[in-house]
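Two complexes, one shared chain (chain A), two partners (chain B, chain C).
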Partner chain A sequence: MLSSQTSPSRATIPPKLASVLQVTPMALVFLALVIVPLGLIFVVSFLDYNFAQVFPELYLETWVDVLTSDLTLALYLKTFKFLVIVWAITAPLGFAIAYFLAFHLRSNWLRTLLVTAIAIPFWTSGPIRMVSWVPLLGREGVVNQTLMGAGLIDEPLGWLMYSEFAVLVAYVQMLTMPMIATALNSMAKIPPSVIQAARDAGASEWQIVRDIIFPLVRPGLAIGTIIVTTAIMGDVVMVKFMGGSQVNTVGMSIITDLNAFMYPPAAAKSILLLIVVLSIVVSLLRFADIRKELRS
Partner chain B sequence: MTLALKTETPPPAPAKPRQVTQSHRFDAELVAVTKRYGPGAPAVDNISLRIPRGSYCCLLGPSGCGKSTTLRMLAGHEEVSDGAILIHDQEITHAPPVARGTSMMFQDYALFPHLSALDNVAFSLKVQGVARGERRARAKEYLELVQMDHLAERLPSQMSGGQQQRVALARSLITRPKVLLLDEPLSALDPFLRIRMRAELKRIQKELGISFIHVTHSQDEALALADLVVVMNNAVIMQAGAAREVYETPSNAFVARFLGGHNVVQRAGGGEASVRADQCVIGARPGLRSLPGTVSMIEYQGTAVRVSVTGTDGEELTALMPTGAFFNDALELGQSVRLSWDPADEHPLG
Partner chain C sequence: MTKSDLPATKTPPRRRGLSRRGLLKSGAAAAAASAFPAPMLWAQNIKDVTITHLGQSYSTIPEIEAKANEDLGFTVDMQTAPDPTTHVNRLLTQPKSVHVTDMPNTNLKYFTGRGVLMPVNVSEYKYWDQTLSLFTKGTYPDGTEASKQGMAPIKAQYWADENAQEYSLTPTDYLVGVPLYYNADTLGIRPDLIGRPIESWAELLNPEFSGRVALQDGVSIGVADAAMALEAMGEITYGDKGNMTREEIDKTIDVLTALKREGHFRSFWTNFDQSVQLMASGEVLLQSMWSPAVTEVRTRGIDCTYKGMKEGYRGWYIMMSAMNHLEGLERDCAIEYMNWMNSGWAGAFISRQGFYNSVPENVKPFMTENEWGYWYEGQPATEDILNPYGKVMEKAGVSRDGGSIWERMGNIGIWNTVMDEDRYLVRRWQDFIAA
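Moving on to the complex of A and B:
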């Protein structure tokens, strides 16, 4: 890349070549780890198979099955149900907590402490976090003990753990944090003078939240929503552990196929899931300019 | 320079109803106002000030002198530790901002980034529940006043700094303030726009007949704009008066030095006096007082040349010489000279 030693100044690379050279490393990583495997999965989804074997023959029944079965629809409905419920809880909760942290805490020290407290569970490993639910929600757990001690129930509630409810609780606990983070990030960019100007104009606290803060935080909430969507649509670990074997979702059905060595159906379902998630993300991006949001 | 600007005819403005007010003596009054942030020296120390009706008042001083804190107390953005504030003879020391009859124009404009110019201006009417059609019509009138009606649908990010400022001004004025508070309104503009905008501010103030209280650290700006210049330093008012009075008869050495264009010298009979730099000359003349020194700086300023002379005691004095007089007998840096002035031009400092 260097020109002859006689050149007085440093050799310059043409700008076009420089751009190509700059993107090459990432492009190679992306190609090797994303595009090629995706291509393989796509090809495999069209191949014939039997137990533990895939034949290099075109077989379209897999796709017909995936696209027409009622089971696919039911699985997506179940997954979307989780998504909608979790979003409906984490978005307002995240917004409210971020609003409190950003606008009603005078002490920076206390704000840092609280943000850290919110972030710590996020840093602990997934299995540990999920095991920790047992002493709380299990049959002998704190919640059941307390309710029975208070005489509100006669026998332990079984649906607190290993149920859809448990899955939802775990999702909300984990996914409120990214909602807070993205909303807080947007709120931190609102200059205090803007809020003061609204207050001077006679706006009540509620009017300030509705007419000034919420519109300005919407892009942050959109990004939080993307994080929640991708986390839930792609999740298997949480459903498996918190739901016991009681709850089935799109991700779980792919795992079931994989465990049975049925690679083509697993591949077809994965491709379909990818398309669905990407469509949701693309439509959400209309609400947010990600580059602008990520700029600090 | 300032005079030339004032004669420049401002663009015609739409007729505006004058602020109807009951009879009151002062638009704003500070009575022994103090602001303490904690133990130690107060940020504003027991200041009193009366701003007559329809005045353009500039709070002038170096950074940290307490001028912005004073403005923020007037706006209700800062609690008053001690003393009282009156607007139109009404005590509003502890009233919320919206109930004071003041409106603040922020240094960073503080426009709502997601709203168009028109909706920004209409915001205060919207929160009062004024119907959409009416509030948009009224907002349009105020945009016309600041000559921004042609950009009514633009978002703040699509406007230049000067345009955003005009919108911010319209947004403040639509609340019909009794007193408009401006926090360093011109500091973010480039020098050319700054001079145009300050003429505009003066025009609008005269047109509305309300008082403007304008915080600045620029002497030029204060002298050009203000009916009442209030020079502050170290949390207290050093001098308050008409621009010409403060400039020509500074009451202490700080004001003389801060306003610039003055030399502070020892008087023959003891005590300090100020002499205007344009009344000083280089070279000893009979009948004039003079001090020896060396030329430490020569600055060509177009209509005049500024010559700084560092005296034997290290004190720097300045002579502002007409260009012609300077080039007849050009000086060199480091040259030994005498700086002279007529004792009759000395203004004794208190």
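Moving on to the complex of A and C:
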């Protein structure tokens, strides 16, 4: 048999070739399902269009509009505004809650219970969670009734629902959890002995948080930030419902184009969005070594 | 006629795809057919045909599907597209996955020069002579011409020729589709919260209701409503508000943007449920609505009226078309199904939801005198009016808001629309939402 002859001194595949062979299947999938469609989207963004048709004629106006219009500026300003505000709330909140869970709870059982409790709202589907905001924030909702009952306001506050405020509330509710999860993951990896040593050396709790925990948790927060960024930059569902379709963001404007069968502007906006999101993610990754974070 | 009056029905077992037995059977039938080419064998052959009807939740009603399967010798499989975009995209990109479809005629702007839809010969459709002149000629029963502002039915009812590439405003032998449902929409209002009569579209943009009105999200209905209001206010004079020029679009968007900045609009609604919820929760006092949505608000015990405005109604129209790839038996069955749709039963079903059918004389025998009087003639109900599912939706003594079919359909101010300047309008609509 041929195999029995070759097996003792089997020619080993050179390591470089082995690596190439190992990545080839994934690379092919990536090429077919990501690179090629992206290339098509890129091509479409340069074509002329009307009434659900794309004509094979060069039409640069789409890109001129996307790159120079006040609309693009307004869309990105609005989206970044949401991003900054939501981050400024969820990052400290996530850090604080994770800190409490990791360092102030002695019972593992209670910690598991509380972490589960954080996830309870996510057991229901997204649409139900969104509709549930109306009885709370609506004109005749709980908040308005309470405020009116307490005599603090004379007539219901309209801006609680179907407004930018409502969008922000929903984002914070949804995105605090990933912030907690990523921060908690990083905190769990800090050896208790390090904290103990600091305490023995006379560090105050604030000093421990500032000089030991925060630097060690920074990669976790960076990953949490990536999740928040991609969620907000790509969101079209929350902003549509909570904003009563009256708030236009980068994602919403792409959806509006798609619903009107205007593919080239949707394509151009998508490519710009992809570049922006990738730039943010790449710069955030400088703060976190993903491989290290994923290792348990 | 209520559901319980109907004869007990049994739905035939559903056949999907090809079974081995099915193949054998059709093979045998084909062999028999070639030996005895008699028309009676048609019934044998069509048993294995499945007609896929793609629609949206308002048209792919399980009760109608079951009745079709009971009445027809072949299988009807209704499939529901989740939204208008998916619906049109599937028809344009995978036409062969569909046999027949129903859609708002505003979509038809996307189907010129595509060769996706099949021209239906007038002679193949049984009820063309009984179809209302609004669809066959673009005129009201008294002979006067119906409004052509927006996407009037006559604008995409006939193909210019059998190649089915362009529409013709004058009758030809080739139908784009079979007229199905239509209605006259107007403002739904909360009389309990407004406390005075609302008679003009201008009220939609009246500062008195700032923060308490909603628009439909999108250019084909939202802009049409706004144009009705702006014209009624005397703010803008349009040549054709259903097909605006760029200057008219600019003026319209500018006024709307200013109003939006003042917080005039409470919300924009995208679907049926949202419009019901906005109205029922009291978030909104007046907004453009669909008839069944008003009914839904009322069945919750909340007062909501749907009277016509003095400037007229906003009309809409849904037709049923077959796909161009059909041939042979499948084509025959598709035409048969389209004929069945307007033979009365299905028309009566949707009429109980507040829509109209295009062949009223077929519908009449399937409704009680009371139902016919209430829905089509605008007469006070002599007994309780039930919805298609047998639930009481209106008490005896009440008559339909707006009156009879021609008091409502005979007074259309604008039709739902997709304008020639759609590209520019959508671009400006983006500015409006971003403002």
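For the reader, a short list of remarks on this structure follows.
Convention: the second predicted complex is superposed on the first by the 268 of 296 C-alpha atoms of A that agree within 3 Å, B and C clash if a C-alpha of one lies under 4 Å from a C-alpha of the other, contacts with A are read in each partner's own complex, and residues count from 1 in each chain.
Everything below uses one rule, namely that a residue touches a chain if its C-beta (ideal position, glycine included) is under 8 Å from a C-beta of that chain, and two chains touch if they have at least 3 such contacts.
Keep in mind the model is a prediction, meaning the values are calculated, not measured.
Looking at the shared chain after the overlay, A:L216 reaches chain B, while chain C stays out of its contact range. Looking at the superposition, the partner that touches the larger set of chain A residues, chain B or chain C, turns out to be C.
Within the superposed three-chain model, A:E57 lies out of touch with both chain B and chain C [touch as defined at top].
Contact with neither chain B nor chain C is seen for A:E155 once the two complexes are overlaid on the shared chain. By the touch criterion defined above, A:A198 reaches chain B but does not reach chain C.
When the two structures are aligned on the shared chain, A:Q207 is found in touch with chain B, with no touch to chain C.
Partner chain B is touched in their complex by these residues of chain A: 191, 193-194, 196-204, 207, 211-212, 215-216.
Those residues of chain A whose C-beta lies close enough to touch chain C in the complex are 49-53, 65, 70-71, 74-75, 78, 131, 134, 138-140, 158, 161-162, 240, 244-248, 252-253, 256-262, 265.
Against chain A, in their complex, chain C makes its touches with residues 83-85, 88-89, 92, 109-110, 112, 211, 214, 217-219, 260, 263, 265-270, 277, 281-283, 418, 422-423, 426-427, 429-431, 433-434. By the touch criterion given at the top, residues 75, 77, 97-98, 103-104, 106-108, 110-114, 123-124, 126-128, 171, 175 of chain B touch chain A in their complex.
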